[in-house]
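By letter and in written order, the chains are A, B and C; residue numbering begins at 1 in each of them.
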Amino acid sequence: MTPTFNLRTTVGLLLLLALVLLPVYVELTGSRFLLTLFTRIVILALAAVSLNLILGYGGMMSFGHAAYLGIGGYAVGMLAFEGITSGFVQWPVALLVSAFFAFVIGALSLRTRGVYFIMITLAFAQMAYYIVAGLARYGGDDGLTIEKRSQFIAPINLSNKVQFYYICLVLLCGAIYLVWRLVNSRFGMALQGARSNDTRMRAIGFPTYHYKLIGFVIAGTLCGLAGALLANHTDFVSPAMMYWTRSGDLIIMVVLGGMGSTFGPLFGAVALLVLEEVLSGITEHWQIILGPLLLLVVLFARGGIDGLLGKAHHG
Amino acid sequence: MAELLQVESLAKRFGGIVATDNLTLSVPEGELHALIGPNGAGKTTLIAQLSGLLVPDSGRVYFGGGDITGVSMPSRSLLGLARSFQITSLFLDLSVLDNVALAVQAHAGHSFHFWSNARREPELRDPARAALARVGLSARGDLPASALSHGEHRQLELAMALASRPRMLLLDEPMAGLGPEESARMVSMLRDLKKELTILLVEHDMEAVFALADRITVLVYGRAIASGKPEDIRNNAQVRDAYLGEQEAVHG
Amino acid sequence: MMTAVAQWRRRRLFIGDRDRRPVMTLFIEQCLNGLQFGLLLFLLAAGLTLVFGIMDLVNLAHGSLYMLGAYFAATFAAWTGSFVFGAVLALGATLLVGMAVEVIAMRRLYGRDHLDHVLATFGLILFFDELVRLIWGAGGMSLPLPSWLNTSVRVLPGVDYSAYKLSIIVVSLAVAAFLYFLIMRTRLGMLIRAGASNREMVGALGVNIKLLFTLVFGLGAALAGLAGLMQAPILTVQIGMGENILILAFVITVIGGIGSIRGAFVAAILVGFIDTLGRAYFTDLLRLAFTKETAATAAPALSSMLIYLLMAIVLVIRPEGLFPASSK
């Protein structure tokens, strides 16, 4: 099976290549902060890839996706706090708990449509936020420091920044590939059909609820993985990870990059976070530019970066 | 001949409006049964209740001998009862072939397959191509569905309904908005389909109705005021007054 | 940025957990607090539900107008030396900003996907938060209680209540009555009701839709600004305050029924009571079984969760809301 080669795919692969070579550049120039920045970008790109599955391909506008970042992160954080630092325990737990919550939240939310779906996913995310903020033992509102990163067997050492970066990058590539295969499979077609015209899907015989729910769970689980990575990256978890505005950030990444495209979420994460870095270097009030920029994208460039590349390709 | 579709005392109201008024109807296997009536008579509402999109307030629907009144829309499709939509309802952002392939996929077992490329499955693509050929859209397969003309949309609607290999088709105004040539083509297609399927046809085009129908039911304000062979309906005074009179004035 | 939980804790200081007064007195005071909070929420939710119901516009930036109301009031009150003058000027300013936003940005969003609304208005939130930081700085502001209201009123034998909070209740009820009169008894209100239940028809009737929409949006902005400026002396004036309370406003809109002022009223009062009484009593309740610290952190979580639980239940049982306005 060969992917079609066009400008969008080419740029996407080149970007991945650049990311692979980044640590070399960092070694040569000594700009360590770049490594930190791009580790963060890679992790959030993973979260965006998971959101793209349900939002871009599935048409499910979940405003509570950041909740899974928090769930995955806190699974790692809480276990670490209790003395369980083995990654072999922490990460599967993070994935399982994320999957469980995605299942429950999805099962209830998917019974609604449109703006009600948005509201109810938002509400559940806020509930998660408040639950976690209410746990005094785990720091509550102030958050929880993680003394020791997830431990795996040597030579894997997450405290080594370069190693950690590559682990995140490998997982990101894996996720992009996984989602690519998913959306072209029968399951993916069912999901895309449900996004395109849910009533027609049911009329021709698809119980769309089931497929959407599975998609929701897969997306939540992937995002939980991103959460576990993020917890390791910052050595810290706090309820703020799950605040609804963080879900908004993820949605921006997906839309900016181009919904329903393979590399869109990667483009979006890179664009947003690099823009943030660059603009905040110019002025501390950079969000004043980002705000209207978003508005303009919505009005004039709905296909996002990927869409623009597609247009450039077709001339 | 066994009754494939049996409707008993079906009723549906929307607030003060009676959309379906104690309707009883039966369609034996192999028949093409036409449903005619003035606008607002409740024809589309009836189709919606038969396909499972709407739940009737009272009454029962039987298909192939089984009670499907409480059965969900996807399940009815899997039982062999397919419908086309009066207002085009397609997957506009997917290709024409994808549209039909989805209809095939719905009936080709479950879709919890997460890995292999569905667009390369002969099990899905071959029947889809066959259905497209049937309605005359083979050349347009790779275009996005949004690129098709209105007439081609109606053809695609039919192709999708056919791709699910139904026992019975509920066709809701398949000729809506078609010009004379396209209508004639649709009529001859339906005449071919008659030989393999049972069809419940809702239409305003009287020429087509009288050319195709084995039996006709006339619906006015949700009630069946007459039901029988085409000649009987044409000569029925009540029907003339309520409906056909206007139609003949229009068609001359 | 003060997080939601920290804000909650600050609110609680005004409730006073070192009270020695009789239980009944405390309870009545809490009920009044619940009513006051509920009415503030109503002002916020009313604008949201109107805009949502008539223009089918999901406006996440509604909270920004609430924030602007507070900031304007703090500034104008400092300039003029009078709370009332400051408030009136702030209302006018918020109204103008609201209408400007409608003309410049919102107009282009009508008829589009809700996703587009969410994204665009989210962008507006970022913009306004930053604009406020630019103009007023990151530290927040304070708006002192007007001295003539900085007193207590005996509402019932043995029950003294803050005069300021009482005036919030009075003003809010007056505005609610005004809205009722406007919606039910005037031509504009009739157009609003018609628009809420069938948008296309109103356009077909030849009404100047553009003007109607601008006015409705402006009205919503003014209501949000009023809520913002009234809560300023007793709660907060800081960046991000809009985001925290916006969710509650949306929840109320959903519970009450989109497009329904009546629904927003009932739902807001309900939510106000649940939130206030929950905050007041959950801590004590939890302290019976848990440590003081656990109870103090868990209580806000529980009371907030209750509200979301309520919304989830309403969405399951009666998805159109308690008082649906739309016939759709």
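Quick note on the criterion: a residue touches a chain if its C-beta (ideal position, glycine included) is under 8 Å from a C-beta of that chain, and two chains touch if they have at least 3 such contacts.
All of these numbers come straight from a predicted model, not from anything done at the bench.
A linear topology is adopted by the chain contact network, the touching chains following one after another without closure.
In terms of the distance between Cα centroids, chain C is separated most widely from B. Across the structure, the highest number of inter-chain C-beta contacts is found for A-C. The centroid of the Cα atoms in chain A and the matching centroid in chain B are 43 Å apart. Centre-to-centre separation between chain B and chain C, using Cα means, comes to 50 Å. Mean C-alpha positions place chain A and chain C at a centre distance of 32 Å. Residues 51, 53, 72-75, 77-78, 82-83, 85, 89-94, 98, 101-103, 105-107, 111-121, 124, 160, 164 of chain B are the ones touching chain A in the complex. Chain C contributes residues 3-6, 52, 58, 105, 108-109, 114-116, 118-120, 122-131, 133-134, 243, 247, 250-251, 254, 258, 291, 293-294, 296-302, 304-305, 308-309, 311-312, 315-316, 319 to its touches with chain A in the complex. Partner chain B is touched in their complex by these residues of chain A: 1, 181-182, 184-190, 192-193, 196-197, 199-208, 211, 214. Against chain C, in their complex, chain A makes its touches with residues 61, 63, 108, 111-112, 114-116, 118-120, 122-124, 126-127, 129-131, 133-137, 140-141, 239-240, 243-245, 248, 251-252, 255, 285-288, 290-295, 297-299, 302.
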